[in-house]
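Structures for review follow.
Look for subunit A in each of the two complexes below; its partner is subunit B in the first and subunit C in the second.
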Partner chain A sequence: MAKLTIGCFSSLVGSMSLDFAVKLAETAVEKGHEVDFWMSGNATMLSKKGQKSFKDYSYLDKRIRAAMDKGMNMCACEACAEARGYHKEDTFDHPKFIRKSMDWYLASCHTADRVLHIGGE
Partner chain B sequence: MAKTTKMAFLVQRAGYKCENPKLALTHAISSQSVEIYLEDGDSVVPVVAFVGEGVLNCKNNQKAMEVYGITSTENHLQNSLLCDLKVLVCKEDLARFGLTESDMPDASAMGADTSIQVVPWETIHAELKGADHLLFF
Partner chain C sequence: MKLGVFVSDYQTAVNTLDRLKSDTLGIFLVQNGVYHATIAENGKGSALLDAAPRIYALREDLETRGFAADAVDSRVKVVGYGDVVDLIFSDYPKLAWL
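Entry: the complex of A and B
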């Protein structure tokens, strides 16, 4: 099994890149790979807790939590989140979720077999 | 055995209506502090390359602070140079937009030892081929 680092900086609204990144991440986790998931910029929106499911709206909260339950590490850029008003108390309360600075992402890339940086389109 | 990971940050978008170029530069700059997470002797070496419309980020005399009250991409480029990051700009794409090497941001007055390198696409391509990971912004 390999280690996959996925980075994403597209928002949860107005782009399907984050949905794609999550789908890829959960598929990799299901296959038994180690996955680190990094969010910066607008993608930190995904770390907001209290997301609700509405028909035809993107709803990734439950899937992300399931992936973390299976071992996925999820990290949001702390500065990007704070700048958007997503403070620690507003974000996921899960042992596999952390908030760090960008060097965490580079360190994850350093030990990854593959890096997929999604959202630059 | 110490391991070095080379990461190429490829900026191909102009800095309008997106923060991609700044995210590329700040991520690359964070290589300066990544050692706290790594094994002794390991390192991450970034190279930042501007191609296509991305070269439009590399214009000097930006007034982002005066007009919008935000740090300009030029300032981020200068910070990159102060950190001795390798910053490449595609010569052919630059010419396509009527820009020259004299338009490039510079940080020598701030004490930087390095400057932006305007190079042919072939050189950038060689850098990308030599990188362990490519990150497109």
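Entry: the complex of A and C
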């Protein structure tokens, strides 16, 4: 098994890129690969706690928690979150989730077998 | 170098692809990029389909947009998320997102 690092710099919850990134990540986890998932920019929205599920609307909270339960590591850019008013108390709790600087992403890329960097819009 | 490029929008990305140097280029059509695999203008398919020897389109994104597999250009292979993960690790050491 190998390691995939996904860096998602877009986008707001409900965007196609974020949906794609999460589905790719959870598929890789299901296949037994190690996955690091970095959220930067508006993608840090995904770490907001208290997200609700609505019919016909993207709801990734439950899926990323399931992926983290299976070992996926998630990290949100702390500066990006703070800049958007999401403080530590506003983000969800999970042992596989942390907030760090971009150093975390760079270190993850360095040790990854594959890196998919999804840029912002 | 083998390079896998994810194309996520229905825009002409051929100029960008031309500037990417690789021994083997594979294109993954995802999100609105799958329209490249299905839409023909004036009877001609997207120029992007001539840009790489291996082109894949994500089944889920095709179906979300109402396209069945038989609507896809014959040069395109329809794949699922599991196939994408396998291809990433087996065939494409370097990845890019357009």
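We adopt the following convention: the second predicted complex is superposed on the first by the 116 of 121 C-alpha atoms of A that agree within 3 Å, B and C clash if a C-alpha of one lies under 4 Å from a C-alpha of the other, contacts with A are read in each partner's own complex, and residues count from 1 in each chain.
To be clear about the criterion, contacts are C-beta pairs under 8 Å (C-beta built on N, C-alpha and C of every residue); 3 or more make two chains touch, one makes a residue touch a chain.
Remember, it's a predicted structure, so these values are computed and weren't measured experimentally.
If you put the two complexes together on subunit A, you find that subunit B and subunit C both fit without a clash. Seen from the CA centre of subunit A, subunit B and subunit C lie at an angle of 70° in the overlaid model, rounded to the nearest 10.
Contacts of A:Cys109 after superposition: subunit B is touched, whereas subunit C is not reached. By the touch criterion defined above, A:Ser101 lies against subunit B but remains apart from subunit C after alignment on the C-alpha atoms of chain A. After overlaying the two complexes on the shared chain, residue contacts for A:His117 are found with subunit B and with subunit C alike. Contacts of A:Ala28 after superposition: subunit C is touched, whereas subunit B is not reached. In the superposed pair of complexes, A:Leu4 makes contact with subunit C only, with no contact to subunit B.
Across the superposed structures, the minimum distance from subunit B to subunit C, using CA atoms, reads 6 Å. Residues common to the contacts of subunit A with subunit B and with subunit C across the two structures: 115, 117.
If you check the complex, the residues on subunit A that touch subunit C are 2, 4, 16-17, 20, 23-24, 27-28, 30-31, 33, 113-119. Within the complex formed with subunit A, the residues of subunit B that make contact are 3, 5, 7, 12-13, 19-20, 23, 26-27, 30-34, 36-38, 42, 44, 46, 133-137. Considering their complex, residues 6, 8, 30-32, 60, 81-82, 84-86, 88-89, 92-93, 95-97 of subunit C touch subunit A. Those residues of subunit A whose C-beta lies close enough to touch subunit B in the complex are 7, 9, 40-41, 101-107, 109-110, 112, 115, 117, 120.
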